[in-house]
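We just call them A, B and C in the order they show up, numbering each chain from 1.
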């Protein structure tokens, strides 16, 4: 039923197998357990690695970082696979692709990210050492790729997505290295490194892949009743676990605790703003599922940088409230303009959920950093702003704020230039991209079962095995 | 399509924005981080705050309460948003409202609960101090509001629900204060404070909002195949995480551990009772999804008070087994009587899942408390019954049991009187409540997508965009 | 509509009530809290129970094993109820049975497993002591029963399933006792005890229950669009939480940490292999949801034994990669042969997901064990291979490897013989098994709601209440 170009019988296996074999070889050469996952190293360590106060006392098993990061990791993991995967199932005929391609590219990206992030951040004597913290970071990087996937959802082949993931993970690691290691930027929840980067990278890719005739698939670019409910599963898991996301790799103790709390209140305030704005901007006052599914999450994005800082619950709520308003306005008024004027076809509206709230969160982070004082943070300054705390470095809070702002610019630059280049690579006519009239359609890459439901209202009495995807066939024939 | 009265274009935004702005102002004035979330305070603390045995040794980051409460918090959080939200999606045309209004009122309630509970329980020098424990408590209070939502599901506007939430959270905090702080009642899992309170408050509200002509919407007050599967997502998350719910705020150590274990076995026994009773009470022996979705959870409700006590696994199973039987009998025989005789239209049957099992759990708690001895609890008595343990107070176990029983009466009283008053407030004709013939219908408050499925068997060949909600239109025209 | 034989009105309640009452009595006689859940015992313990280094110092509450096992337990719990339950909802008309019978038999199995496993492993002075570790083990045993359920899915009555669960749990505990206690086998993630056992037991049962006329229900033995999406919920939860599953009961510290990490990379590699193989083996290159839903999980099964060993991330990825390939090939080429030649009707293809990958995982475990050296494990050898570490026992690594291989043979033997006997028991014509033409059909044991969707493409205009299950009626009449 699919034409030759989009037939994945050789393209996809070759891509998957070559990538996985390269990964296995590189893991064999470069990767080893870290001190907390290696049997020999862990059992030879002394407590001094964990605390300054009881040096030379042997550590206990329950001090292993597993117990202080793994629950956060699992929440992040759910956000990546269930959260992102189901959020995108809102399309009526792209549920398999949404969940299934999320699954595929996330499985690739987390392996590749382990290597790239390890290469830039964590080489020890020529080896990349891994444990739960690197697993969280790999999932974070994967999240960025999935944000970009949201921009091109329904318009790309799985091979294109795998290629995109390889390049994007690499550029993500470069940007992350510049920010966290070179500039000393704070961005634990990734307003910049994850959300801004993923969104603008994806927006540029979708701009380059612009399809002037996408309206041939327009009737499929919408939801149905049950697909909106599936999408709400994704939304709610993202919303519920965002406090874990933002706090997953902050310093232990008050930092993780405070970050989770700030994010919790930011999201709650954002949700009320979203419902209010959704009703206000509808001519008949009816709530729009697109807003609820997406804009209610903007409070998590916007608390990504400042969440670990002393933002206060009050400040967190203001941030979330504004993020929700910005996001709904983006969906309602900006997205149509981006599409018509700038030729940016952003399927999931990632600009509204990740782009603008990410930039907003970066700005909030810069301002909050520049206001940091020893009076507010006490000795806790060391965890949150180590370079401001360190008297040898002599970095002022205002300077840290400036660094945060510069980091946003760097992120935007790398994302846009990277997206430009990768977009052109993905345009090569060898990856089996779907034709304009078969976008947002699972049937092109998936065996779609005979269905008890006839789609698009063309109800017929024949057995479903025979009808399968009538509209797809029709269009291929026409 | 919706008529003017139910148009939310101004009502909902005004309500959301005013409430959120009030919340932000009150948070700004009253709320601050507690010792475990504040950077300065945490880093200035000594170990003495955590243990009597190593005073003056600086605490370590991994002793932060975050690590001992946050996993429980996340499970509770999932129960509130996914559990309650999806449990109510069983209605064929109210999935958006079930999940979406759960989302909205929970986001409001958890913020308002932080203030109300903090005001009654946790003022420190004029400030409300917050951290993971207050977040769990806020989610608990939210759960109570969602139970009441279950009673009025499909028959109220979002504005009514927000108003109800504000009042109910306030009364919840008052009742909780009387029980936990004034009377010294034990109710860690909230058989009384959460379930009994939420159920009888909601039942009274729905009684006051009685609709004699609700049968005009009767055809929509039922499930379809896939909506029952969505509801099972809610059921299973509630069931799986109930051990976390009941143990989330008990004392650390054996108390949390034991509570989770008791609840686990109570629920397992309840499930077998539920399946047995469901088949037994059906004329053709077929299982009824309503029972499975709801009654199987009664074992968690019934273990809410006694779960932290030395109930024994054996005792827990008896409690769960009886709760399951009571709950199925309630659905089968009592609910129809409540509706026909007492004019209580209880959409989700919260009386059977939360009402009766809550009362039963309160009684079990009173009996178990009255049987507590030093011989059974040892030094653990201090955690479970501090007032019985404390030799200065001279409270006997029997007295504690009496207090538990009185607490049930207090809870019922406040819930019923509160529900009465709030019911009359919600009856004011300014909140955009749906007409009798458009209850259980998403289309009135939500943009419902054109659907590949024609609802209620009226299958047609026109494009779905044009048919949207035929029955709704018909009824408005008629 | 169901005929008399399949009417569950008495059969199911009697089975449920008798089993639950027996359980309650046995729990009353035999079961008590362990040292970590009992108020008196916990508060009387000294720190020495937890550490060799601080004997006679009173333990602190946060050292309770609850905090180091309960998050893993909850992940496992989600896998059992949501994971297995929804994975099986892929059938178009068996969603209630898939989720609902999973719920029922799991609730029974975990109680019975507590007794059986306690009887074989954990009697203390004539009492079975329970806590979070026994809860995890009970859930593990339940997982094995659900694997067998997958083989007979849609072809058995709930009473048959309950009877099967009772016998299978018992045999599981016997096999587990022989392996873990008598032979000193290592199998933390259960490649043998859970997956191999559950799969071959179930395959033998379904062989004995062979239905030559099952093609009368063939049209229902397939998925529809939304049922495949529901199944993906199950798949993803199994995939995400498999690292928790394999690490849930390993030794604390590096062992849990390493096991989770190994499983994470095994699954990621498996996923890429699965997508590649699924496209490669399809004539039109389209991905098959059956493969994605199942084979992508084989990497978790295959890492079940060796996951806690020093398998290295590199080794884990090779294992996962091969497991994915084996599993897809099994679905594509072996399952049809098993059905046509060996008369094994394996509804969910458990042979491909649990059977072959389980055997493969057992072999990987045997090889990895035989390669263990003090040089690799250091002092960590004590946790992973205590009998090799213990100089008094003088077990060599090669000997341990041999024991692992023998354990696989023992497991296969007990599973196949057990399945044979239990299969014949289940064949007794008293359990209300469905007729050949009503397999894979919820309507026989469940009240199925009138549905807006007409199934199987026979679309009609009558109200759904009247049509309900036309094909079922037709066939009963014919």
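We adopt the following convention: contacts are C-beta pairs under 8 Å (C-beta built on N, C-alpha and C of every residue); 3 or more make two chains touch, one makes a residue touch a chain.
In this text the structure is predicted, and so the values were computed from the model without any measurement.
**Student:** Taking shared residue numbers divided by all residue numbers at the interface, is the value for chain A and chain B over half (same) or under half (different)?
**Tutor:** Chain A and chain B contact each other through largely non-matching residue numbers.
**Student:** Any idea what the CA-fit rotation angle from chain A to chain C is, to the nearest 5 degrees?
**Tutor:** An angle of 120 degrees brings one copy onto the other.
**Student:** On a C-alpha centroid basis, what's the spacing between chain A and chain B, in Å?
**Tutor:** Distance between chain centres, rounded to whole Å: 32 Å.
**Student:** Any chance you could list the residues of chain B touching two or more other chains?
**Tutor:** Correct list: 67, 71, 226, 233, 453-454, 459.
**Student:** Could you pull out which chain C residues touch chain A in their complex?
**Tutor:** So the residues of chain C in touch with chain A come to 50-51, 53, 63, 67-68, 71, 75, 92, 222-229, 232-233, 236-237, 239-241, 244, 251-258, 260-261, 264-265, 267-269, 271-273, 275-277, 279-280, 282-289, 292, 296, 310, 312-314, 317-318, 321, 375-384, 453-459.
**Student:** Would you tell me which residues of chain A are touching chain C in their complex?
**Tutor:** The contact residues of chain A facing chain C are 1-2, 7-17, 19-20, 23-24, 27-28, 31-33, 36-44, 57-58, 60-62, 64-67, 70-71, 74, 77-78, 81-82, 85-86, 89, 95-96, 99-100, 103-104, 107-108, 110-111, 114, 130-132, 135, 158, 226, 230, 233, 445-454, 459-464, 467.
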